[in-house]
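A quick write-up on the structure given underneath.
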Amino acid sequence: GGARTDAGSSGGSTSSGDAAASCVDTSGDSVKIGFLNSLSGTMAISEQTVRDALDLAAEEINADGGVLGKQLEVVGEDGASEPTVFAEKAEKLVSSDCVAAVFGGWTSSSRKAMLPVFESKDALLFYPVQYEGLEASPNIFYTGATTNQQIVPGMDYLKEQGKTKVFLVGSDYVFPRTANKIINAYAEANGIEIVGEEYAPLGHTDFSTIVNKLKASGADAVFNTLNGDSNVAFFKEYKNVGLGVDTTPVVSVSIAEEEVGGIGVENIEGQLTAWNYYQTVESPANTTFVEAFKAKYGEDRVTSDPMEAAYTSLYLWKGMVEKAESFDVAAVQDAADGVTFEAPEGTVTVNGENHHIAKTALIGKIGADGLIYTEWSSDEAIEPDPFLEGYDWAEGLS
Amino acid sequence: MSPAGTAERRGGAVGRLLTGERVRTLAGFAVAAVALFGVAPALLSDFRLGLLAKFCCLAMVAVGIGLAWGRGGMLTLGQGVYFGLGGYLMAMHLKLADAGPGGVPDFMLLYGDGTVPGWWEPLRSPVVTVVAIVLVPVALASALGFAVFTRRVRGAYFAILSQALAAAFAILLVGQQKVTGGTNGLNGFRSFFGYDLADPVNKEMLYLIAAGTLLAMVAIVRLLMRSRFGELLVAVRDQENRVRFLGYDPAAVKVVAYAVAAAFAGIGGALFVPIVGIISPADVGVVPSIGFLVGVAIGGRATLLGPVLGALAVSWAQTSLSEQFPSFWTYFQGALFIVVVAFLPGGLASLGGVRRRWRAGRAERDDVPDEVPARAAQAPTTPSETVTSGSTP
Amino acid sequence: MLELEGVHVGYGRTSVVHGVDVRVPDGGIAAVMGHNGAGKTTLLRAAVGLLPVRAGTVRLAGEDVTRLRPHERVRRGLAYVPQGQQSFGQLTARENLQLVADGQGAAGGRRTDEALDLFPALRGLLGRRAGLLSGGQRQQLAIARALITGPRVLVLDEPTEGIQPSVVAEIEDAVLALTAAGGLAVLLVEQHVGFALGAASHFAVLESGRVVASGEGGIEQEAQVRAAMAL
Amino acid sequence: MTDIPQPEQVLDPDALEQVLAGPGDRFRHDYLEVRGLRVEFDGFVAVDGVDLTVTQGDLRFLIGPNGAGKTTIVDAITGLARASGSVRFGGVELLGKASHRVARAGVGRTFQTASVFDELSVLQNLDIAAGSRRKARTLLRRRSAVPEVVEQALETVGLTALRDAPAGVLAHGQKQWLEIGMLLVQDSRLLLLDEPVAGMSHAEREQTGLLLQRIGAQRTVVVVEHDMEFLRSFASSVTVLHQGRVLSEGTVAQVQADPRVVEVYLGSGRKER
Amino acid sequence: MDALFSQLFAGLSLGSVLLLAALGLALTFGQMGVINMAHGEFMMAGAYTAYVVQSLIADAGVSLLVSLVVGFLVGGLLGLVLEVTLVSRMYRRPLDTLLVTWGVALVLQQAARDIFGAPNVDVRAPAWLSGAVELFGLGVPRTRLFILLVAVVCVTALALVLKLTPLGRRIRATVQNRDLAETSGISTRATDRLTFFVGSGIAGVAGVALTLLGSIGPTLGTAYIVDAFLVVVAGGIGQLKGTVIAAFSLGLLQATFEYSTTASIAKVLLFVVIVAFLQVRPQGLVSLRTRSLA
């Protein structure tokens, strides 16, 4: 195609491959990065917190002298909770704003929508949320947990507790379905019986039938992959029919500190969660992080796993760039392996092969104060294994 | 518009009034063609051109709604369904084509059992796909249309039913992850009927296809609106039973308009897929379906170009305003809806009627057919309603 | 009782009634006649407040009611029977009557009885929904409703349209009786010159929204009226 | 502000001949034959075993007290009310057919409250009425010229000056004429008119009556009407209904003299106007 | 057997929730013809009212009862404002109210987000509503019984008002023919306002009741709005009796489908059933025919 210029930027492009690389402007004393989160729509609830954490990290890095001596200039975009908007905005950030890297995304669908953009423009995305695995793009760095760092440890914990009848309840979308597929395989190999598997449409608000089934199933534990609002309705119903933590504890993978208030502490006190970070984690890095966060956004705010992962992602990118001594995508990719960061959750290390990071799994218990306290932790950081290649029982899953 | 004024302006014989006005229309089309095919590609970056292409796809849905709702009085809150059908059909084909002959799309390997379900198979053929993109929405719309229209379900009943249809369709898509990709939808297409989608030249080609299709649709609707069928449609909208006693089957008339709207939506959805690179349940449910109406209402539902311009303007405003003020956009969109529908039921096009008078002589870009006197361009109300709620000094 | 002075009315950009004067004296019956589309209905709708008057005034018992909403005029004693046999279709005939009798206490009940005496056919239909009644039955219901409001001025738009001849005669008798008893004035639009003038004390002939002939007197003016209407 | 042009004269019966002589007139001798018609609503019998025969060339008036069942009979014939018995026209059984099929069988009707297409012009109203038998293909084309019948019908019902006015702005009586015009172009061979002259002035009634008389000479026409003056001038025969049954039938003079008709319908004691 | 009974109750309970959500609509939509898409947001406002009231009154039980009243007023006032500013000028084009109120819904949602923050908030249930009571040897959640009770009370009161009182007649008359109502001495504006106030107020009550079951967030209303409209349509517009029957039938159906299939499929099946049902009764369960053409 003919060379054309966009308002403000210069230089044309003829083929897509090197378009982004040549378009990033590193000549000045600042460099642009993009933050892409939903600030409107249904996902704004969650994604705004990620944006807050990203902003905090950018501020800290700039105060600390920037990256390779350049100040970060943040271009913020709203994904509006719609995959197509994510795709559109990603393309804008990469080819119109010419950012060096993009940070953001939450839902799997938003990531899947952005992936082709980053691959075809050869640009970088840092994705900060735990997800269903089965993916490894050279253009994406996944700083949240993959399944073997969250789901599998969650099941390990239940097994350790001697639970043998597990009921699965989840929202009807990709993550729960994939997670439950894994859990089913795990259960079969480990002598656990899956006594029910139920999905509710996103935003479902009436759980009487599902809880009836759950109660009738005789389950001694529940693995909960419900998303967002549905958790409130589920836990209220769960409590109302007389189920309790002692008899049938629930392990949730999508309830973080942020959500506890909305569900009502009285409804979920004592229930379990599986993550890699809690605000209560004891480490100097976390103390600094939590203090800085509260100082910036207010004492009543809490920090959570995705926020921490987003915060960490910006530092990891900084580490990679500084190791590569270049903002160039290929150089950063090459330098990625082994980059580490003293994150609030503990030391994390980038796996250069699959672009995930090694993390420690933590099972937490929700306390009366609405915070989550570590109940159990994996012995060490777990290497990311998005395709579960290191687990025999997972054969044939993907 | 007083009847006398109308009569005067049109000089009586219907047969004669065409010439001057036909010239205006042709001029309008010419201007639009130059703008879409000449000016836009020359001025806009690849990214912006891609956006414009996407807007064109959304505008196609709007054109159909303009016909079904503005003309036919069928307030359809479920166009997302047909948009989605077209989109998914196209996406399925692209997925299969990317997978190669006999291949299995990647997401099925991940979430499904690794085999392609039988009903996907026909879509390996480009021809079948193109035909299905038009026929499947038409078939569903006709089936549903016949079912409800012959039973005289209309007005608010129909609106709510179509909304429920959109809700049900989205839920169904989400629930069948193995074959539909679930909430993720279908994405990551590499080629479009053999053309590499990463190549900017091909992207420009897609834009040209979208713009051309949109123009063609406008032309078709123009033909329909001015045909006897168009008059009949208005008649059915206003007095369905009376039409029955003239020997027509009103249900059939409505079904045709509804099916045309569905076909347009399907085509819009189909082109949307290679242009945007993704189709997911978020594009087909209740909210996007109502979103399609925004542009139509704002542009002027009963006019020819109102829906198109409205849809283009709203999409553009959304993209550019939400870049600058994300949460403000929600307020703005809400307010726009409220103000235009409540206070300017004819949409922005009804302002055109005023403007036209002091702009007489200049070529008319937003040509409103003469058959649509200002009063008819307004909401489907009875005249007494229109007037009493209208301007009284 | 009811005076329209220099009334202009129109729809949208169209003007239909141009400066019409009509006076209905106490206990009098003013008949407005004119061709199809002359603007009679338009004039009456303006008189009762359903259409805004663009210029001119409407006075009810000396009070300027030009800016009052229709129900406020009803409370001041103006009752209206619109053209076209209108009623509340989903309500039963009884509810149609109760609706206007509500809040009138004992007077409401008494007036309901009187109205039903005038239209005995309605008694047997009280339980039926008005939407199912025949056209004439609905028209009788409409007149009954208007009478129950206890009007001082009754505005009737072709009240006998669709009503069987024997009942037409009774309506005529009733109207005459009510006006004769004093206190009730009637503004009547009627196509039957015979009927209209038979009862009227005043008349006006409307042509294209203008009064082309008017005067006092009833039947004796028939010749003049027929001439004005170019028969 | 503009004034609405008032049609000066008004109906043009001469134009009628040409409408009637249109392609639809194939010198048939149709007649309407109603046998044992019965309509019941939730236990209430509105029409109770009515027999009625109306031949072409007859201008039949249907009268009777309010609620006698006149409109219901028209409804039953045109498929609006469910009925038992038999209604045949031109040899075709009409009962049980959907409304639009009844219309295609050559039956047209008007409504007690006028119903025209308010947002379409007078011309478009007529054109649509003329077109129900058009092929789907021609529907998709725009009207290139006004069909001759439509022009004629416009003249006939005196709405030529208002041809381009939206029908919604017509006065009551003008709408009634438009409806008659629509029936004419619709090429109905059986016309069922429910109070067609309601709201018309005396002169207008006369004209309408003449018009109907001429139509009646070549089509089968049934008129429901309460206006006795009108009836006396134009009816060729009269059927009187009472409580869903035929009370009396005959010429105007015959039924007027029938004491039962006087009793339930015309009213006694007062001078008849 | 147990499962059957508990599902039966689940259906009834779901029905009562649907009924509460749809009841206000039966007035504003069913009676007045206004397609109020902001109805769900009025419910949301009711729910947030409960949240605010709870922060003022410590005792959860007292605050719930107070909330029911205040929620009614808040919902009602919102409705009143909507009626006066926008809806009142749109009675002659009912379909357009759908679009306008959709705009209002967007604005209200965003306003809630800006006022109360995006995350959900929580309303504590009073102690006397926690847990289950034994009914026919089966544990029935007290909250659900309470909601059933609220629904029954609301519907009975409304039915009595509509059927028996002058106000009811006035409401019905106004909807059917505004001009005729005006000229029959009814202040249609006052009637409209009052009707809309009551209908929206019931939405507020529904919102308060729903805090016992689900989350309280800006999008609370959107979860119910489509279903609520379907209930009114299936029941027959303008027919309270129909609304009640439809709400409970749909509740039972959904519970049954959900038990035997999945929640997603149940939703789809429900839609299919409704379309099929409208084939048989196009005007809904209970409908009043008239002879008018339109």
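Order of writing sets the chain letters: A, B, C, D and E. Residues in each chain are counted from 1.
Heads up, the rule we're going with is that a contact is a pair of C-beta atoms (placed from the backbone, for glycine too) under 8 Å apart; a residue touches a chain by one contact, two chains touch by 3 or more.
Only a predicted model underlies this, so the values are computations on that prediction, with no experimental measurement involved.
Participant: If you take the chains that touch chain B and keep only those that also touch chain C, what is left?
Facilitator: Joint contacts, listed by label: D, E.
Participant: If I average the CA coordinates per chain, which chain comes out farthest from chain D?
Facilitator: Ranked by distance of C-alpha centres from chain D, the top chain is A.
Participant: Name the chain whose C-alpha centroid is farthest from the C-alpha centroid of chain C.
Facilitator: A
Participant: Can you check how far apart chain C and chain E are, centre to centre, with Cα atoms defining each centre and the answer in Å?
Facilitator: Chain centroid spacing, chain C to chain E, equals 42 Å.
Participant: Find the geometric centre of each of chain C and chain D from their Cα atoms only, then give the gap between the two centres in Å, rounded to an integer.
Facilitator: Using C-alpha averages as centres, the distance is 28 Å.
Participant: Hey, how far is the Cα centre of chain A from the one of chain C, in Å?
Facilitator: Each chain's C-alpha centroid was found; their separation is 75 Å.
Participant: Can you tell me which residues of chain D touch two or more of the remaining chains?
Facilitator: 1-4, 71, 111, 113, 115, 169
Participant: Can you pull out the residues of chain B that are in contact with at least two other chains?
Facilitator: Residues 2-3, 5, 171, 174-175, 239, 241-242, 327, 330, 375, 380, 383-384, 388 of chain B each touch two or more of the other chains.
Participant: Counting only residues that touch at least two other chains, what does the list for chain E look like?
Facilitator: 110, 113, 262, 264, 267, 291-293
Participant: Please name which positions on chain E make contact with chain A in the complex.
Facilitator: Interface residues on the chain E side: 2-3, 6-7, 9-10, 13-14, 17, 110, 113, 118-125, 130-132, 139, 141-144, 210, 212-217, 219-220, 222-224, 255, 258-259, 262-264, 267.
Participant: Quick one: in the complex, what on chain D touches chain C?
Facilitator: Residues 1-4, 6, 41, 64-68, 70-72, 112-113, 169-174, 195, 198-205, 226, 228, 264-268, 270, 272-273.
Participant: Okay, in this complex, where on chain B does chain A touch?
Facilitator: 44-48, 50-51, 54, 109-111, 171, 174-175, 177, 182-185, 187-189, 197-201, 203-204, 276-278, 280, 282-283, 319, 322-323, 326-327, 329-330
Participant: What residues of chain A sit close enough to touch chain B in their complex?
Facilitator: 1, 4-7, 13-16, 39-40, 77-78, 80-84, 87-88, 91-92, 95-96, 107-109, 112-113, 115-117, 120, 134, 172-174, 177-178, 199, 201-202, 398
Participant: Would you mind writing out the residues of chain B in touch with chain D in their complex?
Facilitator: Contacts found on chain B: 2-7, 10, 12-15, 223-224, 226-232, 234-235, 238-239, 241-250, 371, 373, 375-376, 380, 382-384.
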